[in-house]
Structures are given as structure tokens and as C-alpha cells.
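Here's the structure, in C-alpha cells; my notes come after.
All chains are identified by letter, namely A, B, C and D, in their written order; residue positions are counted from 1 within each chain.
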């Protein structure tokens, strides 16, 4: 196996020469957005390792809630850990199960049975590509095909990008194996009944790309629908409906469709400001928002604006943007949020700060409205969430505190970090 | 003067440490999008130089049409050139004029009088900041202020970004000087009568950021207006109006406003694909478009689409996007372009290929429509262009072949390149 | 623990900023010259890991001959390996032993008992620094002190460099622990009788820096002595004694001292040609030697030269250098080698090619002399080797085929490489 | 012309890919050791420029003493300067002369006639390679040949390195042209009578590589001779003669030859410490010397040492090294310097600090001896200098204050720096 991992964007880490030198029939990649496990080179995925049967490479999306316990148990049998990512715990279990069973896919199935939490996993052995999704189906995973090659990927939009066709979603609890003969084998041993599933509803609201379908439901449709619900449930009269780019735009369009109010563009987003943006010295949060987002004065002047965003976390950015609209001459700013208020932690891969930092914690909607300086404020109603997934069972724990499986007693996020 | 120049994005070329080490009261920067002069480190601006009165730094936006002649003349007096950018020619003339006059701003004024073409120029001496705009006003240049500091910049949006207020545009033909006492001095010697001005209309259509104002006219307004004209002049019935991101969106919004047809979002743009994108091996142009742009199937399926883009150059990309919409199930695709057909070269800073490569060259609109595979095709009418600038005199040479000043006999673009 | 590892020279991998950010009371570093385990980022040391009792960092110099077996055994208990370096095998054993005993130093002692081969090991726990040397003492390891800090390092010259004083060598088979109270604890459980020791004699001849002392014996003295033995045992009359820089110089000086023949300098070494040297296109080995080494014609012209080098491996470089001397006008070139002929593999950390590539394999000295084009050739006699270590028991297996412990049945070098 | 310039070592700045992409029949390179002109990317050579007749590339070794005046004069005709290196002044004059004469070589000849000071110059036009040496011949320049290619280079050792043969030295005042037909044309217009020549004697003592010949005189021979003179003129009885590496070694050998005292090696030099060495925090000068140079205790203990170095500048390093020898147990340390004391500035390319920092300024040899802590101190006598060049006229201005041409009234070094 040839390995190349680096920090930064894919286009920075992989030169044309490097790509050319990585020849072969099978491969696995990963782009990491770290929620647990520090953002260091050691923690970069895929994890590549040797075990009793040769070489394996693993990529993992999600978050295990019993990773700490599993690590602990493994350490008590003499295991050593060179990263702080969950994948290493999974890899150990695969290696140990492999001693007992005849194939790597069986080992994957038996190993994942011990994992609690969210995992969409791709495992590559020298001759097989294996995908596994946790029984609750928290995160997406799907299969595509181009010519005679199969692809296992998180989002369907990745298939479009390379001109591959969508074959099907990996099912919650399923382990699929693509073997050397180009067959897709399925193992449903770990599956649970569909009503216990818990797809992350925030995938529909924010995480997934709008052009993806998550378990057959269009993310674009979900967001349009969220906007429509906002229009139905907390309508206000106004001159213009605008989204906070990029994630608020689809819901704004839905609101406009439902309400008949005209859709507009109020913000210009700086597409050159990214990860490596250098903060000005007196880097107030305000400065950094202004560099990323500018109001188009002509679009909003004298107008009553309905501004739609996907969520409010601490409220500071929302307050800044409302102020920017008002400075630019907006007559009124009505904020509508295409999700309910964040009130609880997520243990399954969404990076939500501690409760005390959440603006919605211990505050009424009216109190939040005052803090962000809006003329009115409305959230998506919790009972609308199921409709976003067209009835597919979801996890809405961050809004309700009720999770598909028992959360850990204490906040385990960042457990192995310093 | 402390100099730092590099290749790549600003965020790649300037580390926090480097910025910190560049202390002082006055500075000049430049981000180059090369139309003439190869994209090499030597050609990076600002040009920093020593001359008889000390140090100067120059940044130039635009294109001189007599740079070749001026270089030639200078060479015949023994001048040497270390770059292939016009700024070096301008610098020589400033240095020579400075021998005859008492101030650097006079030298700038006298030097620029010899320059034919488009230039928005910023010159920094150890104690003064000078801005100069060519008499035709091809490219924007404006003055802003934050606290006690003045800023001269191409676009007004840069002022918003840093929280500075807009003071005024530098006028066509004006040389403004900000001296050590914080005064703005103006020299209008080079000015010509306003009716001979020739602002580049493509700044309104495409170049400038939508949140900028170019000589007092909102770029956003211009694009909305362009969309409205398309709706008025070449309307077609449809279910949805969409823009090709980003530049087509505002005109699509205008079309929607004027026609009453619903505005929609049909494309997902990959914001991680930039300059450094590594082309796949069999890098068809198609592959590269697909990575950058994906159609949201749910938004377009079964719908009659009006797709608005700012221009068609060779037509290949437009054809690909039309096909992608049709593959995604669009019932009809009507293409509307918020500018007239490109038919002539630009000598003033817009990078247009040779006529033979232009799809509109020697073709009727119907022929073009067939080539791009659209169900109908409409361009902005040439007589609408003046309205985009609210009556301000413009250059529309690339559409009409008539330029505010006589173009060079031969194509001088890329003259000093290999 | 803060980790920083990189490829290249120390001065390339560690910027001043990085060094400043690595604060603490205790640290471990490593510069790798790979003999087994590919030269990749993954294999860079120190190995940093978490285990049941927290964090450990390991640096290892040497080569285990049973690493393959140990890996195999570990894999059969479910272990996974992310590198191909021996240190990972050692780390696993430390982690497992730590479950049975009360301190990390005991775990190190018990773990190393299973290791066969050469190891000089430094292990860092959050509060202790542990050094361990294999029972045969193949490679050096010593303790130094500066102010209140202790240093464990391979060579004594490192202590001089930082102004530390030499405390003592770590003994063969010893595990030393420097605890938080600044005490040095010693554990001799793994020690064997001194007559079974096997210090690598090639440390004296080539590896160690001339200004180091290896187990109390000056490397400089050993090399002077090697030169003296050559003068005694295979003298030839000549005008000048020269060394092939750098490693041949001290032996040349010894030869000169013993013989009374004048010492000279025949070669100029290019100190800018290093690791990153770019080979010319038709990169003959000759070209690359010429760039590194040039003959000083004036020093050798018309002279009978005794040229001393530390070893001959394949013979090609030696032949080139002899030719260069002759081209420069040397009347005669007599080659003397300050070690016996390489005839056997090394399993303990010296990078010797397979027997078939060794010039001395199946050849008489006279045959070798002809191949390298020398007028005479003499090697150090095997019976002189013990005198180089002043009687300390040594390993001279690469010259004799007799090793302090049974070598593996097959050549295990590079076992886990592709 | 294809240009590539970078900061750092050649092996860092030129990748194999870059070298491969630079194809052609003719080229010019430069490695800069800056004495005047800051060490910045802008000042990197060769200087590549366009002028009336096309493209030129220039590389310059040396220092002009009238560069400031010439720049000034040029600026008063409207010239602009983008670097602070002398080459730019030379380039201007070549460009201006080229307007008056028919060939570039004539222009070079006429241009250099105005230059006062030291210059060894290589000029490349698209079809010719031109070398020029100042009339005094301060710095070396020579011609070599390999197959059908000619090489113009500073030192003869560069020819050996690439397997080229030495053709001849470029003469003081000569302009040589290698034209497209492979002919060497010579222009001696600028030559002066040989007795006015002024080769830099410090080239023999320190600058040139020991394996070079400067105007036919072996540098190795010169250094051996310098050592012999020291033995003759300021002998002292001792046990060992050692050089301070690298530059003191040859003179030490000469001393040993002449005196019959044994030559030895006292120091180990760290070959990995280079330009990029990171200084420890409390970076005393002592620390930095210790990392670079370590004493071999066994070689010097109890011995009376004669330590030979090429020069003493400020005396601090010399004092440190003497102390290191004494700490290592040397019974006596006698310092001998293979050049006379530095007393005057150099205007021709040797980087000597201001007089007040020179240890020999206003001090007797005895006072210097006390400052460096040596048991005795001897310098090369000024009257020996001519013998180092075998009678060729030399410049010994830094030792005597008498220069081959009138020095500038004031210290012009670093004139254009900040």
C-alpha cells in the first residue's frame, strides 16, 4: 500500500506527481473535519496498519461514544495507541476479531458490533473494499459505480462529480464488501429494526451538500421544506427573503416559495477567505465576519428583510449580521432559523459547544431575539424535523436531549486531547 | 521600504509573522490577474524601485496599448527592463519626469500623459500616496477613509471589508495625492471631457464584485437591470429562472423580478476547487466542469429552465452546463446572457481570446443556440449597455468594435511574452 | 507530550518558532539513518504512544534480529502495526509488561529481555527518562549532566557540544532510570558476563565521531592505532600518506606517525554536496564522486602515495579515487584499509550489501588490488581489531562471520519493506 | 531565456524537475555571498533584462568602488533601479553603450571601462557568452572546455568537478567572447601594464578553494608556503602542529613540513551545521562555536600545540578556540596566522568589519596575544605576501592600506542598504 497524508486542502496536499505515483486497483481517502481528536498530522486518516493478515487502511466518519472504554479495555490487554482517533480503536478490534474468523469482512462485522455511536467506515484490504454503517445510520454512506469500478463514499454528490452512477445506500447496520470479482456482498447481522434508526437530522439541515441525497431523501428538498415550514409556522410580512450564504439560501428559497414574498440576495461572500485567513491584529470577531461577508446595500436599503440561517450557536455572529443589515439601511430584520434551538450536546459527530455557551440555553425566544437585535425571531418547530427526512427515523438529540441510544454519563468529547 | 511578494493566494504568500514585520505608516499592495505579462515572480507587483529622489512603489491595474512603443523608445535611450509588465514603463517615465518637475505627483501626472490605454495606478513615495486614473476611466479607483488613514483602492467593497468609509471616486484623468498632512490634493490636468469617457461596461457585468459601486453606480443594480432587460427583450415562458454561479445569479434575480417567474437554485458550486485544482488524467473539460459545478436534480427535474450567465466565450462550458441540466431532467433550457455577444478584441485589460475562438464570430444567434444545445438563446441588446451604467459613458468595444480611443494596428496583447 | 517529526536535516525540520513552542522539563529526540524500515515519515522516531499508564516516547538505535518473530507473535494476539520500525515492537512489549509490574523501568527491563540484537534505547515517560542498552553492548549509550539536567545520548561528543559533562557509559545490559528527583537508578538484571559482550568494532573504525569515547576508549585513538597497525603490518615506502576524507584522515595520521612518512592532504571535499545533491543527467557514479571530491594536483604530482580509507565495499568508488590520483600525476598509489575485508552480513545495524556485491567476496587481496587499480593493497589484520577497543570484547562478525549471538537463519534485513 | 533564482543552497533552490525544464545551449549561474547589497531575493543574480537588442543575463563577482557615483549619474538621466547590486549599474552601461557600437562585446568593453574596482563578469546574450575581468585582476576568472562546450568560471576547481579541461585564465582587463561558432575572441583594450595588477592576495590565503589555481599559481602551494614562512619567521618548539578547519589545515601542513614538527588533527568539525543553524536561546557565541567545532581531547592532552588559522578578525572566536584547547589539556597553545594582521578596509569584495572592531587595530602583537589567551602569537610577515602569488602583482590593501587604485574617500560599503 502506498500512503500519502498531509495537512491542508486536498489540492495543497496532493501534487500531480504524487497522484501519478499512486497507482493501483483500489484506494481509500479521507478529508478530516475534526470533532474529536486533535487536528495533527498523526491523526490524519486513513489509518494504515499491518496486522496478522497483512495490510489494512481505514477511514472513519462519525464518533464513538464508547471509544474511551474500548481504548481503556484494549490498554489493559497491552495495546498501544499512536493517535487519538476512534479509527485506531476500531482497527484493533478488527485485528483481534480477524484471529477468530475467516474473512476480513466478518472481522469488521464482529468488531463494529462492539462500537457504540456513529460510524460510517471504509476498510480496504489488499483485495477488498468494505463499507460499514452503524445500526442507527447516523451518518450517510453509499455505493456508486463507474465503468467496472465501485465507489463507497459518504455523499452522493461525490458520485456526480466523477461521473459515477448511484447504486444504493449502505443500510444502517450493514457491512458491504466489494470483492475482487466485482461483487457486492451484504451482511446485515448488526442491523436493528428500522424504527430505532437515528439519522442525524442536521445532515439534512446543514452538513450534507445540497445536491446530495441522504438515504433517498434530497437534501435540497429538505431545506426547501424547512423554509416552507418557517413560512407556515412563523410568518411575518416583509419585502425580501434572504439567506445567510451558503447554507441559509435553500431555506430562504423555500420560505419565498411558500410565502410568495420575493427572494433576494443580500450578502456577498468572499470566496478567497478560507482556512488560512490571517486575522488582523485587533482581530475582533466583527472584523473577521466583515471580511467574509459584505451586505449589498442596494439590495436591502429601506426594505423589511426576512433573514434565514440554518442555526444559531452562540449568537454573536448572528447579531453582527443583523447589525450589518441595519447599518446598510434595512428597515426591519426578521430572523428565521431552519432548525430548532440547540439545547443539548451531540455525542455523534456534530461540534456543539458546552451548554453554557449556547445562546438558547436557559433563554426564551424573546430573550434571544433581543440579544441578536432582530425585529422578530422564529425557529423551526421540533415536530417538523421528521418531515425533513420524509418520515425516516432521525436523531434530533441536540434539540431534544433524547438520543437513539443512551448517551455517555459524562461529556466524552475531546477525552484524549490536551 | 519593506517588500514582500510571492506567488499564490494572499493567505498563502503572507504569514502572520511577515505581516507583523511590515510596520509603517504607508503601504501598497497588489493581487495580480495577468492579462499581459507572464505570471512569474519577476512580474509580481508592486514594482519597487530606486530613482533619483529615493524609493517608489507602483501598483497598476489595466493595460497600456502603447507600452510596446514606449518600451522601444526607452530602450533606444539605453533603458533596461527586468519585467514584462507595463508598470515598469510607467515607472521609467515617472523617474524621467521627476528630473524636470518639483514633486512626485507632478511627475506622475506628466508621465501618465504619455500612457495610452487603461490604467488605475497607485504610487507610493516615502511620504505620499498617489492615485491616478486614465482619462477614459476604464477601470475603477476610489478613495476611502478609516480613522485618520486614507485608502486608495480599486473597488468600494474593499472599504466595507475593513470598515472604512467611502470618500469619493478618483475621477477619470485625475491624479490625487494624499500627503503627509492627510490632505487630498487633486490634479485634473489630464482630464478630458466627460462624454469621451469609456468605463469598461464589463466591470458592471462581470469583473467588479456585486457589492461594489463603480463611479457611483451599484454593480448589483446593474446586474439586476441586465436581468430585467433580458426579461423585457427576450422573454420566454418557463417554470424557473436560475443563474450560473456566481456571476449569473444577480441577473437571474432581475429576470425573475421582471418576469414574475420564480427564481431558483439549480447548481451546487464546489468552493474548495480553486486555482490549484489537479486535473484528472484524461482531464476532459467536462470532468473539470463537473467537479466545479453539480446540478441539483430535485430543483430542475421536469421543469422548463431559464438559465442566465454573464457571457459566452468559446461556448464549450455553456454547452456542458446545458447538457447537465437536461441530463438532470430539465424539460427545456433557455439560455439568456446578460451581455451582448463577444465579437472584438479588448485592448484594455479583459482577457478575450482571438476572434476565431469566439463562438459568436461569424455565427447567427440561432447557430450558437444549436451549438450550445439550448431550446432558446437570448443576449442582452447592445443598446441596453448604457443603461447598465445609468448613462455614464462606457467602453463597449468588445461587443461593437468601437473603442474610446484608437486601438493599436495589431494585436499587442502578450507582446513581450514567449 | 508535544511531538514534532519531519524529513530532512534537523535544521530543516525544526524552525526557531517550533523549538520555542516545545517547552517542558524532559524530552527525547532522534535522527534516523535507516538500515531497516523504509525512510518514510511514518517511520520517523521518536515513536510517541499512549498505553495503559499514559504516554511514552521511544527512540531506538540498533537492529533487532527477532523483530520479525516478535511482530508475528504480537500480531497473533491482535496487535496492529503502523510503522515498520523495531521501536514499535519494543513499545508493545513495554506496554504489556507494564500491566504486570509496578514501574515503567521494570517494564522496560522485562520487555528488552525478549529483544535479541542491538538496541540502545531511550524511553521517556511523563516523569522519567530511561536508557537501556542490549546485553552485548553493540551500540554506545552514555549519560551526561549539565547543571541539574541529565542527558542520555549515543555519543559523548554530543555532551561536549552542549557543554555538558560526561557522567558514565550505560553498561551493556543495564537499564538506567533518571527519576524526577534527579537520581540515577540502575538495573543490571539483563546483564551478561563481560566476556560475552560484543561492541560493534565498526563504531571505532567508522560510525562514531572521532571526538567521542565509546565505553571509555577514544575513537580518535582507535583510528590512529589502526593506521599504526597498517604501517607495522603492511608497510610500503612512499612519499606521502593521505586519507580519503573524512573518515580516512585519522588512520592516515597514525600511519604517518608510525612510519615517519610525511602526512599530506590530497583531496578537497565539497562541503555543500549533501543528501539533496541533484545528480547530473548521465549521472555516472564517476560524475557524482568528482563533485564530492577533487584531487589537489600540486600535492600529489610525481609522488608515491599511500592512500588510507576506512573500508572498501563494492570497490567502484575506491577504483575511481585511485584513478583520480593517477590522473593527477601520482607516481604510485598504495591503498591501505583501516579495517579487514567485509565478508559477511551485519544483523546489528550496519548497512552492508549482500555478499555477492562485496568486492572481497570470493576474491584474493591481489584480485581486489587489480580491480581497484592500486599499486599495492593492504587491509587491517583481523587480529588487530581487539586492540582497537583496548581489549574490550567486540563484535567483528562482518569480517569473520562469527557473531556474539546466533544470527537469524535468513537475511532479515528489510523484511517489512517493499 | 528561462530564469530561476531562489534563496538557500543550490541543492535547495534547484529541483531535478526545474533543472530538466531549463534546456538550451547556453546558460549563466551565480551563487551569491553578499558583501554589498542586502541578501534578498531581489538581489539574487544573474540579473536578467531586456534592452534594445533583446535579452541579457549578467553575473558579477567583485565590488565596484564607483557604483554609487555611477548610479547617481544614471538616476540623473532618469534611470530606475530595482536591486541594490552593482550588476544593475553595469547592465545599464552595457545597454547604453550598445546603442553606439555594433556588438554586445564591444558594449561590454566600453561599459566596463567606466567601472572602478573589482569585477569578474559573465554576460550572456542569446548567442554569445562574454567574460570580463577588471584591469587589476582582483578576482579570478578562467576558461574551460568540455567536449564542444566552453565554460567561463571563477575558479579552476569548478572545471575539475565537471570533468572539463582548463583552457586559460581570462587576463586582467580582458574581454573574452565565445561566439556561436565556438571561437574565443579577445579584446585587450582595457588592459593596463602588468606591474599595476592587483590580484587579491586573500584569494590565495582564504577565498579560493585549495584545489584551484589562480592565474596559474596553485592555492594549495600558496598555503603550504604560508605555513613554511611562519615556521621560518616565527618558529616555536612544540609537540604538534594543527590547523583550524578547514582553511588553516594547509598552512599547518606547510608549517609541519618546514619545521619537522608532527602535523595533527585537534578539531572535529560538525558538517551538518550550516547556514540554517538555529541558535540556542541564550545563544552565546561560545555555544555556537562549540556546536561547530569540538576538540579531540586525546589528540592534544599534555601537548604543546601550534595552532594555525588563516586570519584573526575580532579575536573572539580565536580566543574561544584557544580556551577549548587548554580546557582539553593542551600544555601550551601557540597561535600562528597565515596572513598579516587586518588593519584596513577592503573596497574590493572582502567583508572586513570597520577598523574599530578589528583586534589588530591600535594593538601590538603582544596585546593581541594576551586577548586571545595564547602562549605565543605570530603573523605572516607582509613582505612574504608577494611570494604567495609567486611574484604576481597583488593587492594587499587590507594589510597595508595601499591599494592598486585610489580608494573612495568614504566607506562606500553597504551604501544602498538600510
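Assume a residue touches a chain if its C-beta (ideal position, glycine included) is under 8 Å from a C-beta of that chain, and two chains touch if they have at least 3 such contacts.
Note that the structure is predicted; figures quoted are calculated from it, not measured.
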| item | value |
| --- | --- |
| Set of chains adjacent to chain B and to chain D | none |
| Maximum centroid distance from chain C, chain identifier (CA atoms) | B |
| Centre distance in Å when chain A and chain D are each reduced to the mean of their C-alpha atoms | 62 |
| For chain C paired with chain D, centre-to-centre distance based on mean C-alpha positions, whole Å | 37 |
| Computed distance of Cα centres, chain C from chain A, in Å | 51 |
| Interface hub residues of chain B, defined as touching at least two other chains | none |
| All pairs of touching chains, each written as two labels joined by a dash | A-B, A-C, B-D, C-D |
| Residues of chain D defined as touching chain C within the complex | 9-12, 14-16, 19-20, 157, 160-163, 209-211, 218, 220-221, 246, 249-250, 253, 256-257, 262-265, 268, 270-274, 276-279, 281, 286-287, 290-291, 294-299 |
| Chain C residues within the chain A interface of the complex | 3, 40, 42, 47-52, 56, 71, 75-82, 84, 88, 91-92, 95-96, 98-99, 416 |
